[in-house]
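The structure follows.
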Amino acid sequence: MLGIKGKDLTLLGVVAVLALCAPFILNPFPQDSAMAQFNAGYPDLMQRFVIFGIFAVGFNILFGLTGYLSFGHAAFLGVGSYSAVWMFKLLSMNVIPAIILSVIVAGLFALLIGFISLRRSGIYFSILTLAFAQMSFNLAYSVLTPITNGETGLQLSLDDPRVLGTSVSDTGGIPVTNLFGLEMRETTTMYFGDWAFQFSNGYYFCAVLLLVSFYISIRIFRSPFGLMLRAVKSNQTRLNYTGLNTRPYTLAAFVISGMYAGLAGGLLASMDPLAGAERMQWTASGEVVLMTILGGAGTLIGPVLGAGFIKYFENIFSKINDNVLHQWFGGLPEGLENGLVWVAEHFVGSGWHLTLGLLFMLVVTFLPGGLVEGGTRIGRLIRGKTRRADEKSAQSKPAE
Amino acid sequence: MEAILLQILNGLDKGSAYALIALGLTLIFGTLGVVNFAHGALFMIGAFCAVTVQKVLTLSKITLDPTKTDFLGNPAQIKTPYVESWFGPDIGAALIDWSVPLAILFAIPIMLLIGVIMERGLIKHFYRRPHADQILVTFGLAIVLQELIKHYFGANQIATPAPDAFRGSFDFGAMLGMDPNVVIYPYWRLVYFAFAAVIIGAVFAFLQFTTFGMVVRAGMADRETVGLLGINIDKRFTIMFGLAAAVAGMAGVMYAPINSPNYHIGMDFLVLSFVVVVVGGMGSLPGAVLAGFLLGILESFASMNEIKSIIPGIDQIIIYLAAIIILLTRPRGLMGRKGVMEE
Amino acid sequence: MSKLLTRRGLLKSGAVGGAGLALPTIFTASSASAFTNEPTGGTVTLGFNVPQSGPYADEGADELRAYELAVEHLNGEGDGGMLNTFSSKALGGNGIMGKKVAYVTGDTQTKSDAARASAKSMIEKDGAIMITGGSSSGVAVAVQGLCQEAGVIFMAGLTHSNDTTGKDKKANGFRHFFNAYMSAAALAPVLEKLYGSDRAAYHLTADYTWGWTQQESIQAATEALGWTTVNNVLTPLAATDFSSYIAPVLNSGADVLVLNHYGGNMVNSLTNAVQFGLREKQVNGKNFEIVVPLYSELMAKGAGQNIKGIVGSQNWDWKLSDEGTAAFVKSFGTKYGFPPSQAAQTCYAQTLLYADAVERAGSFNPCAVGEALAGFEFDGLGNGKTLYRADDHQCFKDVLVVKGAEDPQDEFHLVEIVEVTPVDQVTYDPEHPMFAGGALGECNPGA
Amino acid sequence: MGILEVKNVNKRFGGLQALGDVNLSVAENSVHAIIGPNGAGKSTLLNCLVGKLIPDTGSVMFDGQSVLGRTPYEINQMGISRVFQTPEIFGDLTVMENMMIPCFAKRDGAFKLNVIRSVEGQGDIRDRAEAMLVDMNMADKRHMHAASMSRGDKRRLEIGMCLAQQPRLLLLDEPTAGMARADTNNTIDLLKQIKASRDITIVIIEHDMHVVFSLAQRITVLAQGTPLVEDVPEKIKGHPKVREAYLGESTPA
């Protein structure tokens, strides 16, 4: 079905079900319970999970398959966002043209940077991409302010020309992004006892694009092109002496992953029409590297998991303050309560970075293949010892 | 002409900071093949060694002065540093004044220890792992170190002044017969430059003239062969790591008076130091030093008004632009060796 | 603190009591209430969005302390702080309109993107009715834009750029803090008094929006005094070592250096300038002087003794002697052990002002609240008589000119007040060119 | 006129004359060995043939076309395949995937953005790779990770990958270096079998005289970058110049 089969089809199915049911899955706790703090099922975060998932899936096509570690991929995300916001400002609030332009512009930008950077390999390539991205960021923040609105980020305003559409909505505000009239920010809330589930148009739009992106990624992984990319990672010398030109392969991978980043950038802007320069900073490029490695580089689902993991900590853990902690531990004797709060507050709220750093170290030390490896191990435990022999023979197959 | 001389001086100073950090980084990169994203954090910890020594020296006995009031209207607290009550006000004050140079003595053993613990406890398990894993684990470590510092010292910058004797600047131009105030240069920056030169010289001498250094250099050129010779490379690698940490730490201590450190200072330098190392060429110590000074001087030139008026914003991108041009014209940076980190 | 997240408390109990778990109730949020996140239970949730990581984390922490204090006072706990001195007596220490005040916190990371994500989660997940906080103008403008679209009130924290209530002003956004123009207007007469009217200034300016508006303002104000501007050099935001920008200053013919920098940039550029010995030099037969238009206690701490004698401006200082300040410093100092920063004061005041406006309006509806705030005149919040101007939602009040203390008594006395510039001198026309180009637009209740 | 014509090739590395006036003519469908002591320039010569190095002067013609100035992959596409001293294979891929890549290269050329169909769906490529694996007697290893195989198997795989491209000229760089005697003999048998089953020219660089004399139809002796003698094996065996060149190396290893 759809040109893929077996495990891949199952995986796509699982991702589809997870994506469609995310508003339920991510909201496991009743909204008045103390655990509600851990709920992630609100539109903005769900959109971010999916959008950064797309970004990481694309990055993985370059890094996971070819082994070329780009440290400047955020530049394409940023360029995609700027393109989309300009499209909203000048053309129409419909997200389709904005996203198309994002992908095209990011692709062209990737073609240019990739063409130059891919003359070098290894760390030299990484530093070249880093240099391009940092230049883009620094210029976007200062000299290019007329195009990027610098520090604040490019925003919509009430006097945007907007050829197809109005500058000001009926209610006197800025028109909202939409898909042929379907407003991206519109959210339907379903109450079910103590639970409230939010279904956002924007989220589902992003989720559909994630599925498409994921599907394309599977096809690329399984295609002869994907095989060649894996061969690039494995042994470039042999590839050259097998009559294959590595440069167009790596460049194509670079451009494709740049277009994924552009799509992610365009979606970010479509969900929230603002394009900040920080999106292009090296820390943002580093983040997608971390997402991919954390989830499992070279695996299909790993980058999506990694993206979700990091975004969850950034958005959920940073919001737990000592007030919340006191509430959690409120039932305990006061001394114990204060002690626990004192310990816990190192890891949440303003200490969320610490938790993330520790988890990076733990995951990479004990799960060398990233989160996917963790999943595999759990799966193995469940299936029991009897099948361990089979597993061993299967292990010699490449990780997928 | 004066402006050029001035910017060369500034560039040398920036360059010595870059070169010192890059030197340690390339030692670890080149010898151990480890991409160490925690190297900036080592620099930062060095700077906080200076802060710690200053804090310890200014630990104070608190007495109440009823003639003054504090912000709540209570009697004001008068703080007398213990060192002043122990050693007398003059020596005590002098000790506090010299806290940054004193911190060097404190930083060397601390940084060696941190380096060794880091290598033995964590990094050594990652020698055979992919670079990607090294990046993830060292980045995680950098965040952890950073957050710990932030937790104990806060996020704000902490003023760590140089000793009084080195405050102010001297008129370099007047010495050369130019008008006064044309080429001035702060004393502490001179100290920093001299310090960097000594450290760089010492590291080179150590690697050049000792047996240990010979083995390490051989290991940088061909790790497998040296391993085959039955030389205990592990122990030497540990020492190298400690050494690199100490160099980064001392660079941090001495840098503290130039810019008040905060917990983020390591990350600010991290990216730059990677650029410096790679532009210098992987596996080349002289390359890293050369690239450090080159980029420092270029950065200074780019910030001249004359140049900025021709190309606006050039000072924002000059380092990256220079890196791109160098890497495109010289495939392995200025002095890189073939086959190191090219995969 | 019983319930923090009781956005739909009543609805919930209704659903349980009525249909039970059998049938889900489905409707869109927009049709349910008159405006975004209408508080329906016994509590109302405010969103405190402050930097918790990055270089401004300490400032963010201080803002958060002030917010927690404000919530305490609103809920009738503690000593009441400035509620006792506030000229409006609508608040009674029983929450806001009888609803207990709850709050959520988030990390802006001093990035527009992260700040908006954090604010969105407060609005979408936690049901926050008002967002406040922040420590930079980029973030303030970005979050203000978001709140306008989402239909909640934004009470800006520390934001000093002219744009926040100038070209980027929004009907749902309000700023208590002063701005670059006011800094310049307040500083200029003092500078003239201290340094004379025949001076040549050299500007170093952080190369982003706030830096530009600050530089533009101070250049205009000083040139009106008769000063000349020798040069204006833009410095990269990421710069840490300013030596190459400072070295040429002495030889440029300038005798005043203006550092249009904030935060780490300011600490470093000032430290570098002092290292270069600029303060001991004589140029044009006058002492060389350094001016830092925008001061903060935390920056003064970071720059250490380099700050001595350097003149700048502040929105507020704990050493002011009015009774509002005294009450605030007392309750803040008692709770936390040190005096509040100006960031803390503006955040505390903003929270009280919002709560008071709700009480006076009799509704949480952002449009009603906005109406109550616009043109509101008040006193007793530490800044003397203050007006929330209706045209641009900017507060107009006295501005402090301060100077680094020569011999500080302790770490809390690093700056001393030189002059309190009266509000008339810093007031400007809403159509002033530095603020033109934007429009408040219509208030948006979100539904 | 041979299929490979090397004329007056010179190559210097700094002060070292690596190749001096090398002339070589390899007849089509022959097995031609190049021998010589260490540092004689054998590998340099080979590198000049495949585009890794560019000679300072001289010409290298393959089937009437110059290879100079072409990149390795272009030269490969002309029909020259190379087996390395240490096997160069795709260690991260399975044996089957290793074998499919040269089949793709043969069918699709140097680059094709082939993302529409899956690898599995390429029946022709599969069949070809499968046949080659059977030929190489390693069909049972098709799902193994290439890196986890023995050195002998890796060598066999590499030769198979080269043959899968149906090259006209196969270059072998010390194919038995570091092998045990039994493995060496297997390799000799394999090469004989290859030669017997198809039209192919083989140039082999080798230290092991046993291998050379078992396979070669003509032998060129290289010393200090210059060809000393070129002749049939029988004549080379007792040639005085050859002994001179190998003097000091009692048993050619």
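Letters A, B, C and D mark the chains in the order given here, with residues in each chain numbered from 1 onward.
The working rule: a residue touches a chain if its C-beta (ideal position, glycine included) is under 8 Å from a C-beta of that chain, and two chains touch if they have at least 3 such contacts.
The chain list, named the UniProt way, goes like this: A, B = Branched-chain amino acid ABC transporter permease; C = Branched-chain amino acid ABC transporter substrate-binding protein; D = ABC transporter ATP-binding protein.
Note that the coordinates shown come from a computational prediction; the quantities given were computed from them, not determined experimentally.
Chain centres defined as mean CA positions place A nearest to the mean of all protein CA atoms. Compared with subunit D, the chain whose C-alpha mean position is the greatest distance off is C.
Subunit A and subunit D have centres, each the mean of its CA atoms, that are 46 Å apart.
Separating the CA-averaged centres of subunit A and subunit C is a span of 33 Å. For this pair, subunit A with subunit B, the centres built from the Cα atoms lie 34 Å apart.
As a whole-number value, the distance joining the C-alpha centres of subunit C and subunit D reads 74 Å.
In subunit B, the residues touching two or more other chains are 312-313, 316. Taken residue by residue, subunit A touches two or more other chains at 138, 141-143, 353, whereas all remaining positions touch fewer. Listed by chain label, the pairs that touch are A-B, A-C, A-D, B-C. The touching residues of subunit A, when paired with subunit D in their complex, are 3-4, 219-220, 222-228, 230-231, 233-235, 237-246, 248-249, 252, 396-398. Those residues of subunit B whose C-beta lies close enough to touch subunit C in the complex are 2-3, 6-7, 9-11, 13-14, 17, 68, 70-72, 76-77, 79, 150, 154-161, 167-169, 179, 181-182, 184-186, 188-189, 257-260, 262, 264-265, 268, 299-300, 303-305, 308, 312-313, 315-316.
For subunit D in complex with subunit A, the touching residues are 50, 71-74, 76-77, 81-82, 84, 88-94, 97, 100-102, 104-106, 108-122, 125, 143-145, 148, 158, 161, 165. Contact residues of subunit A toward subunit C in the complex are 31-32, 36-37, 39, 42-45, 48, 138, 141-143, 145, 149-153, 155-159, 168, 171-174, 176, 185-194, 196, 198, 272, 274, 276, 278-279, 314-315, 318-319, 321, 323-324, 326-327, 349-350, 352-353. Residues 1, 3-9, 11-12, 15-16, 20-21, 24-30, 52-53, 57, 60-61, 64, 68, 103-107, 111-114, 116-118, 120-122, 124-125, 136-138, 141-142, 145-146, 148-149, 163, 168, 207-210, 234, 236-238, 438-439, 441-442, 444 of subunit C are the ones that touch subunit A when the two sit in their complex.
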